[in-house]
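Once you scroll down, you'll see the structures, which are given as structure tokens.
Shared chain: chain A. Partners: chain B in the first complex, chain C in the second.
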Partner chain A sequence: MSNPQDTVAGSQAVGGTETDDWRTRLVEFSKSDFVRSFPFWFVPFSIMGLGVYGGIGYNTLISLTDYEGFNEGPDYTNLDLGMYVQAVNDPWVWTTSKNTFVLLIVFTTITMLLGLFLAIMLDRGIRYREKIQTIYLLPMALSFVVTAQFWLWMYNVNNGLVNTVVGLFGLGPYNWIGDPQLVLGSVIFALIWQFSGYAMVVFLAGLQSIPDDQFEAAKVDGASVFKTYWRVIIPQLKSSSVSAAVVLMIFALKAFTFLFSMFGQYRVPKGTDILATLMVREAFKLQNWAYAAAIATILLLMALAVIAPYLHYQHKQGSL
Partner chain B sequence: MAELSLTGTTKVFKDGGDEIVAVDNIDLDIEDGEFVVLVGPSGCGKSTTLRMIAGLDKPTSGTISIGGEAIQDRSPQERDIAMVFQSYALYPHMTVRGNMAFGLEESTDMTDAEIDETVTDAAETLGIANLLDRKPGALSGGQQQRVALGRAIVRNPEVFLLDEPLSNLDAKLRAQMRTELQQLQDDLGVTTIYVTHDQTEAMTMGDRIAILDGGRLQQLGTPMECYHEPANVFVAGFLGEPAMNFFDATVDGATLVSEEFTYALPDEIAAKTTDGAEVVLGIRPESIDITDDPDSSEGIPATIDVVEPHGDENAVHLRLGDQSEPTLTAMIDGMRYLASGQSVRVHFPTDSVHLFDAESGEAIHNRQLTNVDRVQEIGTAQSAD
Partner chain C sequence: MVMYVGPIMVPMPRKGNSGGDEGSLTRRRLIQVGSLGVGMMVAGCSEGDGGSDGGSDGDGGGDGDGGGTATMTDNPMEALHGWTGGDGAAAIGKLVDMWEEQYPDTAHDIKPIGGDANENLNSTVARRLANRNPPDAFASWPGKTMEQYGGRLMSITDVWEANNYTETMHPKSLGENKLNGEFRAIPLGSHRLNNLFYNVSILEEAGVDPESLTSYDNFIDALDAVDQNTDAIPMTITTRGSWANLQYFVEFMLGTEGQEPYEAFLDGDGDKQALVRALEKTQNVIENYTNDDKSSISFPEANDKLINGNAAFFTMGNWAYGMYRNTDNFEYEEDWGWVAFPGTADMYVWHLDSFLFPRDGNAPQKARTFAKFLGTKDVQVEFNNLKGSIPLRTDVDGSRLTDFLNLNVEDLNSLEKFPPTLAHGLAATAEDLSACKDAIASNFMGPYDPEATAEELMSVF
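Right after this comes the complex of A and B.
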């Protein structure tokens, strides 16, 4: 009669294993990296998530309401895209968008070219490289409030340094800030001054990671200095260019700080009014909360469009 | 195709206030179509010499000429040379085709169709025609090596410069590429300078080898000459694996007296020395005779320390007399059995000993080359076919 006993004992054993199995899994789960690391990443993640993504979400929600003024809170019962329709039909939105784009393209392009040029010059072995690098990078360390005020003085119609210098060539004086034709150019120039050092440092790092034998191989292959850079070296700076461009473009989109510091008010000259200044004005001067939120969302979408190629590039490189 | 000559070529690098002589007054004449290997330990100046020929470094003094024309002041692109770099230096953003075409696009006025044809031909010669549209990052080390060679070949240069081209390959592929490179050079008939620190590559590949040390040319000759008739202690010790054995000794009449043994010199060698001179006795491991007959009283008593089997032959490390460290390495037939700890007697045949001046290191006497001469003649006859 040993067989039935065996069977019974066997079935008990099976039942026991199932319970054990469930318990072991729970114990294993509680010991897993995910659970054990939870307290460490969840707190910063939730603070950051609430601040950034919660903010984006709440902003988008408000942009769908008709919320304005101080009298009552937003009405969430009636959500529509009315504010976006209004934005598309607002000529001022189009003017500021155009200015934003001009700032974005001109500022980024010139800063990158200038940065690349400076980096190549430095990389070609000017001595005391470290010191010169610091000189160019220094503007980047200054606060926007300082540089804005500083350029405001530089551009002063009557006794600004810029007019004194162009005056030496028999030109001007120009009203750099007051003239709507000139003001955007003046602002872009000041921003280029501040950021070309940053672009240079990024490119210099890229250049210095290219081994000497690339230059030598091109030399032996008979390429001129210009062709060596154009066909061999600059194409290898692709990842430096992408990261410099993304940072510069994102900055161009949020140049509000600089403009606000320069003009000391929400209403900046028409020629240099960008989406960011329009948004702040609509919100905090006119209390058109919903409309400002809609403009903010448009600005966010533009920023996403700017970094999308970068994310795509990173993904293609396998680093995302 | 052209001959290349270096006359009194010197390169001094300035490092702060110090002057470092990298290449010291080198004279080198390389014939048209010849394969010359520059070999030496790290820092011997071989790469600097190559870079001066390429035009990447400018000689401090002296001349370099290709086909009789002085070129030391010309830029690399005006020298009609092509170079293969140790790291290959392939352009990572270009395809194999782009890499190989780049030099032609930049230095010739060939049409795109001609360039494409030249590149395809070279790629077929090297067996990389199927890789033309890949980028260097997607190639194995051996394939990258071929692309680097191809990039040099398409230029059809007067002089081909190779800077340690095989050092990044694994041992098996290296041996294979060694043969392929020699064959390729033979087919193309281009004057070639090959830099390496590997004496096996130097011995097996070169028509002639130039051995450098401390920026100075130590010897220029055929591999056999350099191996069997080394000009000095450095060359003797550098070529050959395991290295030649050296013993400091003093000449006493017709006898060499060293710490471990005395060695009777035959008359013809003794005639080249002076009584009381300090010399270095050299003997190659494969020339040493080992007797394990306990009754023998010939030769120097020794104890076997370690036996390293190499398969076809065994390396035997021996302690002479009552030394505590092995000082002598001998090669014996792979089928012969000698045990560690065994007492033997070693004998240096008089026809294969080398004698060097202890102070200058210059050779006083080298082994007889009679048989080697014959081997070389056969070799020359074969390559002439």
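Right after this comes the complex of A and C.
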């Protein structure tokens, strides 16, 4: 692609005089890939940059001020880490951080394993494949507002479906929502139900891009089905798992929507209170804007801390 | 298709790349100019963002000044409220109709912000006040809750005085609608909090005389009687949100310890043992006499159990009454009845719904007209009849109200004890209320720990 450009630019340089050197360079620059592609990447880049990185930057800046209430705007002259010190000393931040961490890890891990399992099952060419695929993907299409409400009904201790089912095995009834020990697990389970179909589709796409030869070659070499997947196929799904993991983590952070729909308020039971709900409470109920911004930054760092080792590993492996 | 697309698609990029001929030069220039324009737009936006604090301040000030000289702007009067469904929606719908009838030429934008318990309304208001883009009026709780908006509200004392509302509104409501010595809100209705609703037929079956429900001990006897003599749940409750548990505690506190220890607690001068005793009684009822699914149902779902004949008692602000009225063949004193929460017969636990008026709105004169309108007798009667709350005008003809509301009006005008509600913002600032809910959420939503709850509640005030 760049070859014809170089040729054109070069020929013009030869034709021009020595004093026009800067002009030549400018013309050359204006014809470079950078400038030519500019209109195509700059618009999305600037919108995204402003929205995402601008937002992160502004949020971080606010978190260093003492901004609160309605009457005065943030004062940028006196920046310090006071809000972070306050956050570290706030027991609610610790409780919600712990819950957020558990939610991130457990939800993402189980959803990916389940998605991988389902994808492999489907890829084996089982019967009614398309129908099963649709059934598993369908929950993903539903809004959190809907799924939160019907999981709330299903978790009802008296007439909920979940207790009816575990009752068949002589267990329960459990107070899924009321028991602080169980409520986080209940929420995670509902989220897994909703998103395992998504992980399945991502892995399925990855699996289907792997040529059949490799299965045949493994078979010829005498590898068992399990070994074929473990040694040959799954290692090739790294890029699928990176994208699945990133998206699932984002969904885990978005569990706010699910919790808000389930409990109808920003204040959710302590057992399932996460940093996102705490942040919204501090900001929009109490107008502690700077403190809420500090919590947001902690949430961001936590997400990065969880995903960074994984991304680093994938990068070293060359799949990123 | 493939044959046709192929030859055209492939040369196109090459032509663009060659860059020599004039045709593609103009096209490229066009794109360059266009992208420059977009770039400038983006830059412009970001500058606008950066300068928003200063810029919009100026805007708001300008409009506000315009209003100050008593000239009407062309802007519609924007009022936000949270009544999106049921009685609230019907009541505000009626209010809008009345406004359009009385002020046909005054443009308005009275709109609901949905969500349970005004959650979205409050956050929308907070966002808009912080961004210096306030609505002209919004529904909220006055009293201590209003303090968080201090500095952002305008005085409507002139409206109160010009319309004699200072004389005709309930005297207890005056102070609650003032902030820093000026009226900044106007009350629309009051809900009573200390209610015990009951299902008449279940109480008959259990052999309980509702007149006997005058103390905690009598109440426990009644709950036991329902438990032993009927299949019904003695008391249906919701514990989905910590506000509900906080409210139950306050009811038991007022019913067993009385108004003075409660208000001493709010003043930061409370007796911890009084709180512990009240919390233990609350715990006793919640753990032993209520529905199992309390933590996953909302208050309307809890109230449904009473309506369906599955539960005997229900306590809630009297907004619950709207559900009875909207149920066919479910009549006051035939199917459901009311007594004051045991031990609080001489009290009216006090709650107010008001409209608050921000300064620097877009239509301050229209907002004043709206404030005047909200205080009129007709609006107070019509709105509250549908909403199931009680008008604050003391000069309303009681026959215009439903029987149940009229009974409460009589109490409102004759009782002397008005302990303010804690869970509904009259008695505590937003910050303190949040801390109280934290205390409940940590220690009193199962497992129940009265000692630790009392400790933490005491530290709030």
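Keep this in mind: the second predicted complex is superposed on the first by the 250 of 320 C-alpha atoms of A that agree within 3 Å, B and C clash if a C-alpha of one lies under 4 Å from a C-alpha of the other, contacts with A are read in each partner's own complex, and residues count from 1 in each chain.
Definition applied: a contact is a pair of C-beta atoms (placed from the backbone, for glycine too) under 8 Å apart; a residue touches a chain by one contact, two chains touch by 3 or more.
Computed from a predicted model, the values in this text were never measured in an experiment.
S.K.: Which holds for A:180: it touches chain B only (first), chain C only (second), both, or neither?
M.R.: Once the two structures are laid over each other on A, A:180 reaches chain C alone.
S.K.: Just checking: does A:214 make contact with chain B only, chain C only, both, or neither of them? Give me first, second, both or neither.
M.R.: first
S.K.: Just chain B (first), just chain C (second), both, or neither: which does A:47 touch?
M.R.: second
S.K.: Using the superposition on chain A described above, determine whether A:223 touches chain B (first), chain C (second), both, or neither.
M.R.: first
S.K.: Report for A:57: first if it touches chain B alone, second if chain C alone, otherwise both or neither.
M.R.: The answer is neither, since A:57 touches no partner chain.
S.K.: Of the two partners chain B and chain C, which one touches more residues belonging to chain A?
M.R.: Ranking chain B and chain C by residues of chain A touched puts C first.
S.K.: Let me test your reading of the model: by the given contact rule, A:235 touches which partner, first (chain B), second (chain C), both or neither?
M.R.: First partner only.
S.K.: List the residues on chain A that touch chain B in their complex, please.
M.R.: 211, 213-214, 216-224, 227, 231-232, 235-236, 238
S.K.: Which positions of chain C touch chain A when the two form their complex?
M.R.: Residue positions touching the partner: 13-14, 17-20, 28, 31-32, 34-35, 38-39, 42, 45-46, 49, 53, 115-117, 119, 122-123, 126-127, 129-130, 148-152, 239-243, 291-298, 430-431, 434, 437-438, 441-442, 445-447.
S.K.: Which residues of chain B touch chain A once you look at their complex with the stated criterion?
M.R.: 54-56, 75-77, 81-83, 85-87, 89-93, 102-103, 106-107, 151, 155
S.K.: What residues on chain A touch chain C, complex-wise?
M.R.: Residues in contact with chain C: 1, 4-5, 8, 31, 35-36, 38-39, 42-43, 46-47, 50, 54, 69-71, 73, 92, 152-153, 155-160, 173, 175-180, 263-267, 269-270, 273, 280-281, 283-287, 289.
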